[in-house]
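Several structures are given next for inspection.
Two complexes come next, and they have one chain in common, subunit A, joined by subunit B in the first and subunit C in the second.
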Partner chain A sequence: MTRPGSTGAPLQVSNLEGKGPKGQRKRPALLGAQPLGLLFSAPYVLYVLGVLAFPLGYAVYISLHQFYFTAPGVQVDRPFVGLDNYVTVLSDPQVQRSFINIGIFLVINVPLTVGLSLVLANALNRVQKLRTFFRVSYYVPYVTASVAVVGVWLFLFQQNGLVNSLLGPLAPNPSWLVNSWLAMPTVALYVTWKQLGFFILLYLAALQNIPDELYESASVDGGNKWIQFWNITVPGVRSASVLVTLLATITGANLFTEPYLLTGGGGPDGASASPVFLMYQKGILQGNPDVAAALGVVLVIGVLLVTLIQKRLVGGKED
Partner chain B sequence: MALDNVPRTAAGEPAQAKQNEASVGKRAHLGVGSFILLALGAFVFLFPFYYMFIGSLQTSPDTSVAGAFPNPANLTPENYANINGSINLLTGLANSGIFTGGVILGTVLFGILVGYALAQMQFRGRGVVFGMLLLVQMVPFQLLLIPLYVMIVRDYGLSDNYLGMILPFAINSTAVFVFRQYFLQLPSTLFEAARIDGASELRILWQIAIPLVRPAIVTAILLTFIGPWNEFLWPFLVTKDAAMQPLAVSLANYISNIAATAANPFGAILAGACVLAAPAVALFIFFQRQFISTNIGSSVKG
Partner chain C sequence: MKRGKNHARILSIAAMAVLGTTLAACGGGGATGTGGAGSATTAKGPIKIWYSNNAAEVKWGKDMVAAWNSAHPDEQIDGQEIPAGKSSEEVIGAAITAGNAPCLVFNTSPAAVPQFQKQGGLVPLDSFPDGAQYIKDRTGDLADQYKSSDGKTYQLPWKSNPVVLFYNKDLFKKAGLDSENPKLSTQSEVLDTARSLVKSGAVQTAIWPSPSSDFYQPWFDFYPFYAASSQGSQLVKDGKSTFNDDQGKQVATMFQTLYKEKLASAEAYQGDSFAEGKSAMALAGPWAIAAYKDKVNWGAVPVPGPQKQDKSYTSSDAKNVAMYSACKNQGTAWDVMKFATSQDEDGKLLTETGQMPMRKNLTTTYSDYFAKNPAYTQFADQASRTVEVPNVSNSVQIWQTFRDAWSKSVIFGNQSIDDAFKGASDKIDQLAGQK
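The block that comes next holds the complex of A and B.
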């Protein structure tokens, strides 16, 4: 057998062996016909193990210990504390509030995202004129940095901003982003607007899988556009709807930039603080990485449960 | 299941868009109402960008309805100079560029290798690597935040360091998936023939496989670009030194700390926002055409 993983001459020998598994030598290659594939995959595997898999386990480890930040190389005692950090997290009113906030966010953001992206993708799918223009304009907010568009939203939604000038006497007081009832819904609206283009593209791809014959026979039978939309389009893109729901939920649970910048650090009075924002605040600003890691684990478990329920609800009988 | 659909859609979409253009006539024609809906949507999506640009040129912020139209008496390039005085735009752009470039380089280099191996090579453990690729798409970043910070900033001492910024994003798994999909569409007989002729795998990859999947590289670069260029949280955590901060981070610091003391804070913020947004928007508009007309089928047959 050739030395697997080594480059150069031995490789070609192994290639010849690999070409015909039933070939001259009966012995199947130990590492497969092209063992060099292992070497090709190595950087990616190392990346996944080192930067994703190991930290994932490390997060759980940190959350179960009393953990301090130290300078590189310094050894300190980090005693095992069981579920203490989880108790701290779950009994913290700030954390409870942040989960309510993210709940409000998801209740507004997810249905709005699913509905609007499906309706717009459906219209986009049938438009002939200006197709590229519409596609690009829907996608532009998605490809732009949130930090940049947050700037213009701050400008639009400030006390005497354009939105309030247009609303005149109907403008809310206190204004959108400093109103504890409206801060989170405004953030949810902002994220819906920002992400919609990506989900429109997902739906647009899913719509291609619906055979035209279905629409043709429906129109022969006299089904109008609404009937077609509800009975052909909506069921036809159901798996995409599951995907859009899950992705919107996962993205929403990761919310950080918007409460940090749009509402000046989760304000007013914590009414728009998100769990990830609290992870930053507690873990990195206040130096409690153990509590923050526990909060991360709780958040991920929460998201997992929510997405399982959503999959049942949106996926219907098929799943 | 559901999540592994994402990259496939991303890769398949361009080809489908073309088919769709041909079949569009068969479907129910678009009513006036739907067209108005689309136009309204485009307005809602584009107006903030227009307003961003107009706002960045205003001498004093005009938030009335009239302020949405350019007023020659109220136009100035001053805001760009102001924001550049507070945060060095060029340094920020360069840092964003290095951060993004590093991620793109890592993704293209290592992504092509693993994508090709997964699609066209037989080796022990291939299933495991592929399983990894699928699982990675589901790893929640919020869980990695604290351990990565502990490891990269505290243990390895990589704060204020490009490597520390790049490392968590070094290989974009969605792009790897795109590469694999494109390599899978090439006929395996092509590679078997080359192997019989005695070509080494690297030579096959470089001279046969890569030239056939050029569109995949464009797709992967576009896909990868938006991540690090727009990323805020991670570089914000690892860079404290202003000279090392990507533009998104320095602009965010300006918004949350410095803006309140400026004469025309919104003008300066919006000027910075325009500089940050422009490369991504320009890149996407420029490549939009290629993105649609990309058709892997023709390049294989040709």
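The block that comes next holds the complex of A and C.
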């Protein structure tokens, strides 16, 4: 079976490979076939190098040395210590706990985010009346500062909060935010709720690319709404699902503000301490940026691995 | 496709080259020389200072700057509040690294001084000919607590907020307790009173210290009681932790009981629980008098020890003045430091903020003020018996280690006090021993 449009491919490939009219191979130009493209992409390349690559490279450098910040002009020894900082980080029970915490968070937050945002986007896509109102309603928490919204959640989930008042004798003891078992799941629920609007928008955009004819065909063939959703919508937004999964994982792994505000730092006995919170403690408060940088590098590697696995699992063959 | 790969390779090599260059630059170290030495200490000219951002101190700061500027047209002060940040220490630390710290900060936490010193961000005040003598004459023996491990003094002891035990007289009356002579003379009396307060229904939470994991929270729960129990022992003494003893464990057990019996809350209160009548007792310094005025009918007692005592100790919650090495005109900065901590300016600070200048003979020097404001006399008396945070390396990490052990054992009861204190003590000994 030939894919549409494939007939023109050989000529393009021939050109791309730089063969001349007589089949002779041209020497590739140093700046490529379209040097102007480099000029256009230069600002972004410079941005990536300056804002992403340099700090990352510097973090790796810091993590391999005994390093602390000094005033300009102050000369101190910063000996190369190899992987010592990594050993310190990986053998620290608090760090180990923080990775478990973030694992608990991701296990709750990512599936909930993907599932709820897809279902709600699908529902919103079909709503005819008050569509804008609903879209704005879901988006408002996302654009509201965490500091402001956290107050509402504290009102809901504190010992004497609304949720416990409604639950009465069924309220957990200790309460949600000071309960070692419930603190991180509560944070995960909060983050899911707060970020849902953004992910719904991503899915709404993806849903516009699914032709209505597919739903009509399925309907004619007797497929009910569930069959349509499972066999048309879900595969149709697979690329968006990959994006939502990866973004939710990356933002979740970098969690800081929400547990910091909701659970007063590391939460009950460190039960909501995240790796980024520990980086802040060690690097900024305690003046050990070398250990904090090592933790950051471990986190980056961990997130890359997890997202790679997720991309394979969620993306399937298509990706 | 090969050509595409070649391009990618060229770009990768270029990126690596840029990264390599930057990393090499990072490893190159800075320029030679450190601040704080030589002619800088005599240089005169305009300087920049930061002061705290609470309303009372802002007023004092502005008045002090105006007074100086009117008399020194060639050595003007540019004064401003400490820029906003999660904490003053973070802002100051970042400014040291960036090289744009002001000459003086009138809000330097003693706990942060070892770190700032390690960063090369501070000027030793002993480098001024009259530096050591001025501090000794003004503060007396209490100033010894602020010497660094290298024997130098990097901070001028400025003002303290001796922590005492405030109580709400109305809530005590409501609970049927004596509000004028409350039973708060010993730690066991504190527990009994807390039980009575909650049992009577006068209040749901007897005392509400912040349960958060911030490294500085022990200064407002454990440390005042430990100072009272140990007759003024610091958390670390001679490079060894002290708290893993009977007094330390007794204080921890008292708080553990408060949390276990729900007399204290493990949840953070959004606001001031004492000012809002949600708790009947609070640990605070004299700054709180202005804050509680017209809100709470309060009384205050010294922080109790295990037994009744006439002269008890407490934690100081001090803020000091430090000079930063980015300062070009350190001669002027030193003159401003002395001017701002003169008897006259200290009197204004006391009047406007209610905080205690760290100077000898406080009650006699400002006898008129204390005669007119008897509520502050207790704090002035207590100011001579305060315990500062230990001036040792890794100070913040040491306090964080202690706080983590406290949270685990005392607040959340997930470990025994013995095990938690032993573990924290071992780790703190190790940290205090590092340079």
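In the analysis below, the second predicted complex is superposed on the first by the 268 of 319 C-alpha atoms of A that agree within 3 Å, B and C clash if a C-alpha of one lies under 4 Å from a C-alpha of the other, contacts with A are read in each partner's own complex, and residues count from 1 in each chain.
In this text, contacts are C-beta pairs under 8 Å (C-beta built on N, C-alpha and C of every residue); 3 or more make two chains touch, one makes a residue touch a chain.
Computed from a predicted model, the values in this text were never measured in an experiment.
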{"item": "Partner with the higher number of touched subunit A residues, subunit C or subunit B", "value": "B"}
{"item": "First (subunit B), second (subunit C), both or neither touched by A:154", "value": "both"}
{"item": "Which of subunit B and subunit C A:287 touches, first, second, both or neither", "value": "second"}
{"item": "Touched partner set for A:185, first subunit B, second subunit C, both or neither", "value": "neither"}
{"item": "Touching partner for A:266 - first (subunit B), second (subunit C), both, neither", "value": "second"}
{"item": "Which superposed partner A:75 touches (first subunit B, second subunit C, both, neither)", "value": "second"}
{"item": "Partner chain in contact with A:254 - subunit B first, subunit C second, else both or neither", "value": "first"}
{"item": "Which superposed partner A:172 touches (first subunit B, second subunit C, both, neither)", "value": "neither"}
{"item": "Partner chain in contact with A:225 - subunit B first, subunit C second, else both or neither", "value": "first"}
{"item": "Touching partner for A:103 - first (subunit B), second (subunit C), both, neither", "value": "neither"}
{"item": "Common interface positions of subunit A, toward subunit B and toward subunit C", "value": "16, 18, 32, 54, 58, 69-72, 151, 154, 158, 264-265, 284"}
{"item": "Complex interface listing, subunit B residues touching subunit A", "value": "2-3, 5-6, 9, 12-13, 16-17, 19-21, 23-31, 34-35, 37-38, 41-42, 44-46, 48-49, 51-52, 55, 61, 63-65, 67-68, 110-111, 113-114, 116-118, 121-126, 129, 132-133, 136, 139-151, 154-157, 167-168, 170-171, 176, 192, 195-196, 198, 200-202, 226, 229-230, 232-233, 237, 248-249, 251-252, 255-256, 266, 269-270, 272-274, 276-277, 280-281, 284-285, 288-289, 292"}
{"item": "Subunit A-facing residues of subunit C, complex", "value": "1-4, 6-7, 15, 18-19, 22-23, 26-27, 29-35, 89-90, 93, 96-99, 101, 115, 118-121, 210-215, 265-268, 270, 325-326, 394, 396-397, 400, 404, 407-408, 411-412, 414"}
{"item": "Contact set on subunit A toward subunit C in their complex", "value": "16-18, 28, 32, 49, 53-54, 57-58, 61, 68-76, 78, 94, 151, 154, 158-159, 174-175, 177-178, 180, 264-270, 273, 281, 284-288"}
{"item": "List of subunit A residues in touch with subunit B within their complex", "value": "7-8, 11-12, 15-16, 18-19, 30-38, 40-41, 43-45, 47-48, 51-52, 54-56, 58-59, 62, 67, 69-72, 119-120, 123-128, 130-156, 158, 160-162, 165-166, 193, 196-197, 201-202, 204-206, 208, 212, 215-216, 219, 225, 228, 239-240, 242-243, 246-247, 250, 253-254, 256-257, 260-261, 264-265, 275-276, 279-280, 283-284, 289, 292-293, 296-297, 299-300, 303, 311"}
